[in-house]
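We just call them A, B and C in the order they show up, numbering each chain from 1.
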Amino acid sequence: MRIFMNLCKDKLAIASLVFIAVLITAGLFAPVFAPHNPEEVNMSLRYAGPSWEYILGNDHLGRCILSRIIYGIRPSVLWVFAALFISVLIGSILGFLAGYFRGKNDAFIMKLCDVLLSFPGYVMALALVGLLGVGLENILIAFILIKWAWFARVIRTSVMQYAELDYIKFAKASGISHGKIIWKHIVPVTFSDIAVISSSSMGTMILQISGFSFLGLGVQAPQAEWGMMLNEAREVMFTRPELMLAPGLAIVLVVMALNFLSDSLQVALDPRLLNSNKGNQVMAPVSKIKIQEKEVPN
Amino acid sequence: MGSYIIKRLISAIPLLFIISLITFGLINLSPMDPAKVVLEAQGVPKITEELIAQTKADLGMDKPFIIRYFDWVVACLHLDFGTSYVTGKPVWSLIGPAFLNTLKLTTVSSAAIIVLSILLGVACALTAGRLIDKSVRGLSFFLTAMPSYWLASLLIWYFSVHLDLLPTSGMASVEHYILPVTVITVSYVGIYFRFVRSSMLSNLNEDYVLYGRACGLSEWKVTMHILRNSLQVAVSIFCMAIPIILGSTVVIENVFAWPGLGSLSVRSILNRDFPIIQAYVLILAAAFVLFNTISDIINAAMNPKLRNGL
Amino acid sequence: MNILEVKNLKIWDSQTGKGIITNSSFQLKQGSCLGIVGESGSGKSVTCRSIMRLNKPPLRQSGNILFKGEDLNTLSEKDMRRRRGKNLCMIMQSGMSAFDPSNVIGVHLHETLSEHFGWNKAQVAEKMGHAMRSVMLENPLEMMNKYPHQLSGGMLQRTMIALSIVLEPDIIIADEPTTALDAISQFEVVDQFVKLRKQMGSSIIFVSHDLGAVKKMADEVLVMKDGEIVDRGDIQSIFSESQHEFTKYIVSARMALSGNFNNLMRSV
């Protein structure tokens, strides 16, 4: 509740939250919100400008751009959310195993993470897509396979911090089951760290995945996806540059909203940052890992 | 110091070994039979069982995994990455020049990113909380949220089409560098200047800054001390950034038709030309490990505490 | 003659509006030593830094700080900088963190002395060498080529004292100079301070929560609590006949501690 109150003080964060909520709703109920069928070709409306019927105009096949944007929320945002959720889940489970039980499991999991993190993530995603074949599912699978290691490592650090505390040791000594300790005492306190790191990767992931689609490695025509739409718009860039605007701005707005939200979340969870000039977080030794996460702003 | 460098280099070897094993193993994880891929890639009209068996024997794919792996590693050490499935040319003859082109782009961009990040980071740290700091950070928020290929397209439209000032694609002259380098720089500076800034800010609170001022040192000298200490962290981060930039020029190269690794790899992925993908991953992963190692060595060299402990 | 007169000093945080020092006035006599005692967080360090005008930006200060009749609070930054080091010299709590960790300590010494006197390396080495030997630091030349982490806290503390000997300031402000040291180094450093006073006749502001050190050094004492000066007086009266509750409390706490220590020592 306190976290929510803190978040409320930040108007920008509220605006971002509302924006993302609206976007998710629009994406989930795309058929209700979209005025037209996104794949309906109408050659008589090629490159038509905005009109009351087609608010954002029509593309090179006369399809409704607004409807394509709304349907595009699904692959561009919702599926990315899902992929992020899965990789955070894998990362959390392994992170908890490693950080709480330590010992051999820990050493093994961390070695595995080290190896995975020593690959440039973006290149590996590209290679996996190359092996699995072109398509959105394969891009998502590639990202899940690559990102979990980073989450596992950060979550392990966070879990270790709390697992060393006296009250956890006391709980262990008094014979409470491990499952119960983790669930009742460690999950709630590490949850904030997990929320911050996952929200901060969301924007990067949307950019990267839309970049793959832009290269033609993701969603295949005629399905609507923002990166894909930009790819199509690029073909006619010299004559119809305005087609680049709507999908591009959609990506910029979503990523900005997510980044604002992630920053505010960080402040809301750690009010110390608020007083000490937002964003001055002192460099932690994890910076080297951090930088790998912030890899590619495509 | 010397022994540390050697130790650090040796410790990178097992990692390189694992990387090569994974890179090689990946091809075998592919759901498709490589022999079939080869035939498809070469556009053979009718693929029969005999043809697949024949191709397998030709490519040495009937040997056990371990033997193939060692053959491959030995060949790779001689820069022999096999032959392209599609064109039948040696992979190195395709990837070598492409790598060089990407390296050129990366070098120029990295230099621009490092210089700008330091300048902006220092400017923001010194004006923390005031107008310059706030506006630069606000702008960086917007720029880092921008898909780089979108920015690239907008710049091409404005500077090349609208104003007709700069070339849109290729790498024939110096002018060809301007747009791609600008795009890469813009997308990364927003991230890296923050590291310089926060590192400067945390140093500003150190006692030695207070004591320096209390001894009457000029603000310039105090700032140089802060910079010296802040850059220690920044240098290792920049070192890490170079292979990341090297690997992420993929999209930009495609937009600007830059004849580099990125364009080549995407084409290979679309054609399922495995040997090229393999070589691409191996080279970049090795670069990643190499720069990681260099980053650690530089860090140790710059930090007297570490240096003397070696 | 008062060399330093602080009148109505107020310090507050401009971001939160919270007052840190509500209203302080005190004087430092020429050649004397003023001790400031109090719990941590009572505003001792902030007061010291406000004299040098070195508090961090969100902190603002008002009032008069008269140094030889001149108000430091109204000086330009450039004039103020010239007085730092030369007229007002500071000795920090932790020698370990007071020197730039990436440079040998000679760099700081050289920069400071060339700033104020325009000396070259050889002159700095000569004068510093002399001063460092006088505070019992052997091999000064070798020391000047070492990094802070290669030296001990006590050695760095004495290096700071040596630097202030060379600078010959009018006022030395020592902010908890013994707190970070072990007992033996503490004794040595306090000893050096006593000698320094005798030799140079500088006025000293000596901040500490170590009442033993203050008793050895100070002529007069200020007792601070929550940003206010709650009690003041000369050293004898503070230690033996203070009427103030808080002063009695900290003096008795100190007595209890040392009493305990003495008992322990006797029983050994």
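FYI, contacts are C-beta pairs under 8 Å (C-beta built on N, C-alpha and C of every residue); 3 or more make two chains touch, one makes a residue touch a chain.
Chains and their UniProt names: A = Peptide ABC transporter permease; B = Nickel transporter permease NikB; C = Peptide ABC transporter ATP-binding protein.
Note that the coordinates shown come from a computational prediction; the quantities given were computed from them, not determined experimentally.
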Check: Take chain B away without moving anything else; what clusters of touching chains remain?
Finding: A | C
Notebook entry, point to check: Where are there more C-beta contacts: A-B or B-C?
Noted result: A-B
Check: For chain A, which other chain has the most distant CA centre?
Finding: C
Next item on the list: Would you kindly tell me how far, in whole Å, the mean C-alpha position of chain C lies from that of chain B?
Entry: 51
Check: With chain centres defined as C-alpha means, what is the inter-centre distance between chain A and chain B in Å?
Finding: 22
Check: Which residues of chain A touch chain B in the complex?
Finding: 115, 118-120, 122-124, 126-134, 203, 207, 210-211, 214-217, 227, 230, 233-234, 237-238, 241, 244, 248, 251-252, 255-256, 259-260, 277, 279-283, 287-288, 291-292, 294-298
Next item on the list: Report the residues of chain B in contact with chain C in the complex, numbered from low to high.
Entry: 205-208, 210-219, 221, 225, 228-229, 232, 302-305, 308
Check: Contact residues on chain C for chain B in the complex?
Finding: 49, 52, 54, 56, 81-86, 89-90, 92-94, 97-103, 108, 111-112, 115-116, 147, 149-150, 160, 163, 167
Next item on the list: Would you pull the chain B residues touching chain A in the complex into a rising list?
Entry: 15, 18-19, 22-23, 26-27, 29-32, 128-129, 137, 141-142, 144-150, 153-154, 156-157, 161, 187-188, 190-191, 194-195, 198-199, 201-202, 233, 236-237, 240-241, 243-244, 246-248, 250-251, 254-255, 265-266, 268-270, 272, 274, 277, 280-281, 284-285, 288-289, 292
